[in-house]
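In the two assemblies presented below, subunit A is common to both, partnered first by subunit B and then by subunit C.
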Partner chain A sequence: MNRATLTVDGRTISANPGQSVLNAALDAGIYIPHLCSHPDLPPQANCKLCVVEVAGQDGVVCSCELPATDGLQVVTQSSALLQRRKVALELMLAGHPKDCVSCKRYMNCELQAMIQYLGTVHSRMRVTTRKTDDLNVDNPIVVREMERCIQCGRCVRACDDLRGVGILGFNRRGDEVYVGTAGDVPLGEAGCRFCSACVAVCPTGALQDQFGIFRDDLPWEEAIVPCSAECPAHADIPAYLRLIQQGRHSEAIAVIREKVPFPHVLGYVCNHRCESGCKRTALNSPVSIRNLKRYAAERDTEHVWRGKGFHKERSGKRVAVVGGGPAGLTAAFYLNKLGHDVTVYEKQNVAGGYMALGIPEFRAPTAVVQAEVGYIVESGVRVRYGQNVESAAALKAEHEAVLVAVGTPVGKKLRLPGADFRQVYTAVDFLRASRLGQTLDLGQTCCVIGGGNVAFDVAGTLLRMGVRATVVCLEKGEAMLADREEIESACSEGAVLFDGHSNEGIEGTPEQVTGLRVHEVSEFHFDRATGALVETAVPDSTRVIACDSIVFAAGQATGLTEGFGLELNRFGYPVDPQSGKSGHRTSLDGVFCAGDVITGTSFVINAIESGRQAASLIDRYLGGDGQIDEVLVERERQPKIGKVDGFHLQARQELSLRPAAERVCDFQPINVNFNADQSVCEASRCLQCDLRKDIRKSRIWSEYAVK
Partner chain B sequence: MKKITTDLAIIAAGPAGLAAAITGAEKGLNVTVFEKSSVPGGTSNMGMGPFAVESRIQKEAMIGLTKEEAFKLMMDYTHWQVDARMVRDYFWKSADTIQWLEAMGVRFAGALKYYPEGHATWHVVQPADGSHPGPRCASTMMKLMYERALELGVTFYFDTPAVKLTRDGEDIVGLVAKGKDGEEYEVEAAATLIATGGFGDNPEMIKEHCNFTFGKDMFNFRVPGLVGDGLRMAWEAGAGKGNMEMEMIMSTGHVHMLAGYVYTIAMQQPRSLIVNKEGKRVMDESVLQNTAVTANVSVRQSDRCLYVVSTDSHFDLYRKQGVDWVNGVIKADYTADAETWMQKAMTQFPGEAVIADTPEEAARLMGIDVETFMKTVAEYNESCALHYDDLFCKDRRFLTPLEGKKFYILRLVPGAYGTLGGIKVDSHYQVLTPDTKKLYGLFAAGSDVCDLYAGTYLYYLPGNTMGFALNSGRLAAEQAAEFINSLETVA
Partner chain C sequence: MSTKIDLQNLPVTEEFAPLAEGVCPVEWALERVAEARLISCGRSVTCRDGLTQVQAIITDITTGAGQPGDLAMLRDVVGYIAAMGDCQASLTAARGVLFSLDRYAAEWDAHCNRKRCAALVCKAYISVICLPERCQGDTACLKACPAGAISGGPGLIAVVDEARCTRCGDCLTVCPHGAIARSGPMKPKLPDAPIPVGSFATAAAAGVVRRRRRAE
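Showing the complex of A and B:
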């Protein structure tokens, strides 16, 4: 069909077939006032603001319902039209509160902009108050200040036409008409999906997002999908949850692989900041995103992501990456795709760093880690094992760029008498030995010093080796640094906990540890200036815990020295002389950092994101554009999500923990993953916050050329 | 990162920012405005009109107040604690500003008083549709100002807050702004003007700088977005701190947020009795109409609050002969649904409002000392019988005894229109460092610098908040233009 040609206030414009006069005019930059119309919703013609006159026809007609046909002559401004609009607005204002200054939509309110545009600031009509305004206002996601409702019906259409949920409608009670659910049941009971499309289209402050539910320090588009906003790598979480729900596991993994090359490992070990952002928390509890990731990874047999994404031409530039942990390997993966010739120098004989050697087998199975490292090697990254790089400067001489991603591979010991005895180890050494199958002299009983997650990883590993484990830490009870579940897991497996205890010294001879001398503390802190421990001991509480060995889980260091050729701070971290702080840049041109060597011991996902940023930075340094974003799966957002009874109550699925007595006998994962039903159930709990990104913003009068 | 070069960069498109933008463009400057919301007009979209003295409108209405009289009134009232030159320049400019606005097409309904004892300086905007002015009517003026600015070639970036000023030595050379989509704008400007409207929506700043706790002893208008952006950016760039205070008025603890809050006006009539928590009378109730000074009475009391008491016989009287004081902002039948709304307030905000069958019960429910309160009522009723208030000399016309079948008490607490001041400036809106050195290229106007009140809004001269915003915006932009010209001369 051909485009129609018509005139609006004497201006000739053209319209798409089937387009309304309102939309044709707006597309042509000519403003016609409107409130009930929205670019993504079917017209309803109930605000009566978009009225126009048509040459040759009596009366006025709503332009949102008037087809833009050839030869039509439309007038949008006349005193009769102004009068009609004024009355229409006054009808809305009669029931609308005057306390705009206490409304959070102030200055982002289409009604306020309309008042400004038409100059009709209040109603001559009697102030009306609805008794139905207080109905159904209480829910944790959508703030409903219904006294602000002008009954434009956008929310009703968004719920029905956009989402296929259809739980909102115009209700009648006595002589009042109001927007509500059938029977005025709460949104949850009505089967609401809490997608907040109704909030997105509301032109006033009647429907608002619960205050504080989104971060206000981020761009709006980013903030409204809080899981992705919280994820350091900004993975497209709603997209992959949808795919998991549909059983399309390989595509789900492809979505994750757009941002991280270790989805399966993360499915085991990620600290899941996404879940702390999840909007569903306000309803009952967050979606179990991490476990779903593990579930999908286990079922990714097709590897649909293979061979997809960008592969730039070879640049001929050589990049050395020091350290084959999550940061180094991620950077290497992208730098190779960007066309550079990448060599990873790994000190150990296996790659994977912390993932392979820093956590116990039962937390991240070797097979899983090595498979994902393998894909990176397959993609063309060269890994040289057993390479102890002693000087970044020397390496730089042979490469155009160097990335230092050595992590924090050196365990620290506290300065205790006896710390140099033969059976005293660090957690780093102990866990590495356990993963490599090396034997240490541990005896029958071992004391672990420290209260973080690493201490409990050590304890769990000791128990699986048949060694009795006692954990000693300063913090008491709730104050302990490790995650609750880690503590409970280790204790149920048989670890003995001495929390609120301070160490005095290690008993025995340099040849054989016999015990750890401790006492109870009632309170303690670390001196701000010196970092020294200041404690109040409980009198007469000194005792000796008998043991044959000691493992310190008391922090880690980079192990870097002056000889490495980079300017270091007093804690041994490379510094960027420009900022004076640790960062991606170092004192040597062309030598960069990524991962724990910048941040100190942190989480795998942080290291991965740091590796991505370093790759981008290095590419720009080498003359590239630094662009590493890629799409491995085309997105299909299905906006019609439909109503689901009891959606708000659907409980979070939890992994079942294997019985302590069983799991302590092997190095298999401590919990059993979801079954198929559970995975679908869990993935379908997602509120799909991202759907809202597809709803366009209604433009106000000041954004049009002709107004 | 997008780069923009302009002569005058203006932060925010409220009344001060728009006035400055138009003035700058009239002086031939290339002007760019960065506004964080999607609409022009800022807080004035809610307001009604500006202050002026000796305007055409006043002269035609035979209003005889002169600039000199207004100036003396202001300086006496503030004990010369405020910048006299700033007051003078603002008052002397104000009549011209009205004409300047009229030339843009703004129509004024007239120059009004806020209450009978005041002066008619409040130039209330005539809504474009010809109806009676009311809240929000100044939004019409904001639209016309915005359109005038566009006509003069001013560029606007909406949904694009400025986030940081750029300083180079002793000069401010531009700013960084951030679009809604996250895109950054690096703006190079010969001069920059801040007009962000204060920090009314920032309870932490109100606590820190004015010692009020929002929701406890302060129930100010929290116009969303007024979080002190301008102050923060100026201070971070090295500006000094100016005097900061709340633009105080009397309010209620959330009760006024109930949709039909017009009924609270029926409570705040001179025939009511006002007591403190101890049950004692503390003021001549006919002072209540000056809401700024009533707030001063209130902050001296326990819990910084007052209790206003009325009876059903008061309400009957109002229904028969009308209330003694009508409200300049809201015109309505103030007693229409009073009973319903008071009931609603009682359940929704316990401790803020009460209805009871006896004065004892009402006082007890509100936590007022019952014994003293009953003594106060007896004394007050005796004064009414004698037609003479020996305590505070309340006008005998308003001495109606507190008797009836129903007793209403509403708690009054300090509120505020917004905040005043924060950025240190000289008399010409040039921003200064803490040690009073010029921060070249940086100017500020409107509520971010308004320091004309010395603690209490001068209600005798209404329209000052918007009046100062418009006039200081104009004056500051004139200074900025002069500064830019001096740069060009040097170059």
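Showing the complex of A and C:
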């Protein structure tokens, strides 16, 4: 069928076959007032605002239902039409609250825009009220202020036509007709999928997103998918959860690999900030995103992502990356794809940094880390092991650019008497030795000083080595810095906890530690200016914990010195002389930073994202466009998600912990991954917040050329 | 596409038979609207907001709360519904109101501007009275009145307290002598308080003194 040609207010426009006059005019930039019509929904002619006159026909018709046929002559503006529109709007407003200013849609409301466009005031008609407005308003995700409903029916059509859920309809109670669920049951009970399509299309403040569910400091497009918004790398989480639910694990991993080259490791160790943003939390609990990632990675045998994505021509530029941890390897991976010749200088004899040597085997299995490091090496990144780079400046002389991604590989000791005794170690050294199979003199009992996750990683490792572990930290109970699960896991394996304790000194001789002298504190803080500890000791609480060795899990440092050739701050972090703070740039042109060496000890995912940004920055420095976005799997969003009874109640699946007595005997992962049913259940709990991105925004009059 | 009705060619008056004696055209119109609201589609602005508005305006007109300009606004709205409505129920109701407005314009005007209902149907504009000549002091009406607005006793002429009477009409049907009646603003002379049956007749020679009371 050919396009039709018609005239609208004397302007000749053309229309797609089957298009309505309204849509044809709107597409041509000619505004015709409308409220119930929406670009993604079938017409319903409820609001009667889109009335037009047609040459040769008496009366007026709704242009949303008028097919745009060849030769049609349409008039959209006349005093008779204006009159009709004004009556329609006045009628709607008669039953509408007059408190625009206190409405959350104020200044973002299509009804309000219409009032402005038609210049209508409320006063002429009788104020009418409805008894049905407060039916079924109770759910944690969609705020329903139905007194603001103008009954355009968009939500009904969105739920039905767009989503195939179809739980909204026009209900009748006595002489009132209103929009609701069958039986006026709460949305959850009706089988709602909480996709919020209804909210997206509602022209008024009748349907709103629960206040505080999205961040308001981000662009709208980003904020409405809160898991991705929270993820430092902005992985397309709903897309991969859908693929996992369909059993397409390799494609799911490919989606993750668009943003991070270590999906499997992250499946074990990620601090899953995404889950803290998950919208499902409002219903019951967040989707178990991290564990699903691990599940999919374990089943990714096809590696559909291989060979996909961009591979730029070789640039002939050489880049040195100092440090083969998550930040350095990520940057190396992208820089190589960008065409540069990349060499990673790794101090140790294995790559992976923190992932390989900084966490215990039972948290991230060596095989998993090395497999993912291996893919990066296979992609063409050269790794030179056992290289202690002493000067960035010297390295820069041989390369066009240098990336410093050394992390914070040096453990700190507190200044305690006895801290230099032979059996006193740092957590970094201890964990590295345990991963490399080196033996340390630990004796039978070891005290771990510190209250973060690292302290409990050390404790768990000690217990698996057959050494009794005692953790001593200043913070008490809830105030402890480590994750609850880490604390509980280590304690159930037999670690002894002295929380709320301060250290006085290490007992023994330089040749042999015999104990740790501690006392209880009732209150403490660190002095703002000097950083010194200020504490209130509990009287007469000093005691000596007998032990044969000590491990400090009391923070880490970069280990960089002046000799490295970069301007450092007083904590040993390179500074960008322009901003005076740590950043990707350094005091040397062409030498950049990424990862913990900027931020201090942080999470793997933050290091990866930092590596991505550094790669992009370095590419631009070398004359490229810095573009590293890529699509490894074409997206298929299936908007018709259908109704699911009890969807709102589906409980979060948890991994089962292996019994403490069993897991303390080996270095295998402490929990057992989902089974197939669990993975499908868990992935299908996702509300698919991204579907809403496909719903177009209805434009108001001021956005049209002809209005 | 739904069929649109052209207001000019609407056979308004032919569709409805003239209203019977004793039917108030305003109340009749209100009933058509209330009826329609129970069965209409209720979806579109014409049907939901339109009929609700029409009902609100006519209700005010029948209850003494009408405002200047109501008739013009009512015509605007029913005309709009008749032209744009898309369900049979709302169209019929709108045409009914238009029919009543056209054919019984004087009655609408009386309701709006003179607070009168010639058919003695609209409660705001009527009083319930006990005709003293007919009353036999039976007290059936006293017992029937749910508002306790009637005073009297065996052998006494009943008197309706206008302030308390709700115009429910329950007393109208119970009097075996037909003494309870509706009245417009022009009421016959009535005793102020119950007096013995028969004693009111002394005033008969002077005839019934009509007092003209203009309600404002």
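Note that the second predicted complex is superposed on the first by the 706 of 707 C-alpha atoms of A that agree within 3 Å, B and C clash if a C-alpha of one lies under 4 Å from a C-alpha of the other, contacts with A are read in each partner's own complex, and residues count from 1 in each chain.
Here, a residue touches a chain if its C-beta (ideal position, glycine included) is under 8 Å from a C-beta of that chain, and two chains touch if they have at least 3 such contacts.
All values derive from a computational prediction rather than experimental measurement.
Visitor: With both complexes overlaid on chain A, does A:R84 touch subunit B (first), subunit C (second), both or neither?
Guide: Once the two structures are laid over each other on A, A:R84 reaches subunit C alone.
Visitor: For A:G212, is the partner it touches subunit B (first), subunit C (second), both, or none of the two (neither)?
Guide: In the superposed model, A:G212 contacts neither subunit B nor subunit C.
Visitor: So, A:Q116: does it touch subunit B (first), subunit C (second), both, or neither?
Guide: first
Visitor: After lining up the shared chain so the two structures overlap, which partner does A:W220 touch, if you call subunit B first and subunit C second: first, second, both or neither?
Guide: Only subunit B is touched by A:W220; subunit C is not.
Visitor: With the two structures laid over each other on chain A, which partner does A:R124 touch: subunit B (first), subunit C (second), both, or neither?
Guide: both
Visitor: Of the partners subunit B and subunit C, which touch A:D133 in the superposed model: first, second, both, neither?
Guide: Touch status of A:D133: first partner only.
Visitor: Look at A:C100 in the shared chain and tell me whether it touches subunit B only, subunit C only, both, or neither; answer first, second, both or neither.
Guide: A:C100 sits against subunit B, while subunit C stays out of touch.
Visitor: With both complexes superposed on chain A, which partner does A:I700 reach: first (subunit B), second (subunit C), both or neither?
Guide: first
Visitor: Does subunit B (first) or subunit C (second) touch A:G10, or do both, or does neither?
Guide: In the superposed model, A:G10 contacts neither subunit B nor subunit C.
Visitor: Looking at subunit A, which of its residues have contacts with both subunit B and subunit C?
Guide: Dual-contact residues (subunit A): 124.
Visitor: Subunit B touches which residues of subunit A in the complex?
Guide: 82, 86, 97-109, 112-113, 115-122, 124, 127, 129, 133, 147, 218-222, 700, 702-703
Visitor: Would you mind writing out the residues of subunit B in touch with subunit A in their complex?
Guide: 37-43, 45-46, 127-129, 131-137, 139-140, 142-143, 146, 156, 158, 178-182, 221-225, 256-257, 259-262, 330, 332, 337
Visitor: Quick check on the complex: what are the subunit A residues that touch subunit C?
Guide: That would be residues 44-48, 51, 58-61, 65-66, 84, 87-88, 91-92, 94-95, 124-126, 128, 150-151, 153, 170, 172, 174-177 of subunit A.
Visitor: Could you pull out which subunit C residues touch subunit A in their complex?
Guide: 1-2, 4-9, 34, 37-38, 40-50, 52-53, 56-57, 60, 73, 76-77, 80, 83-84, 86
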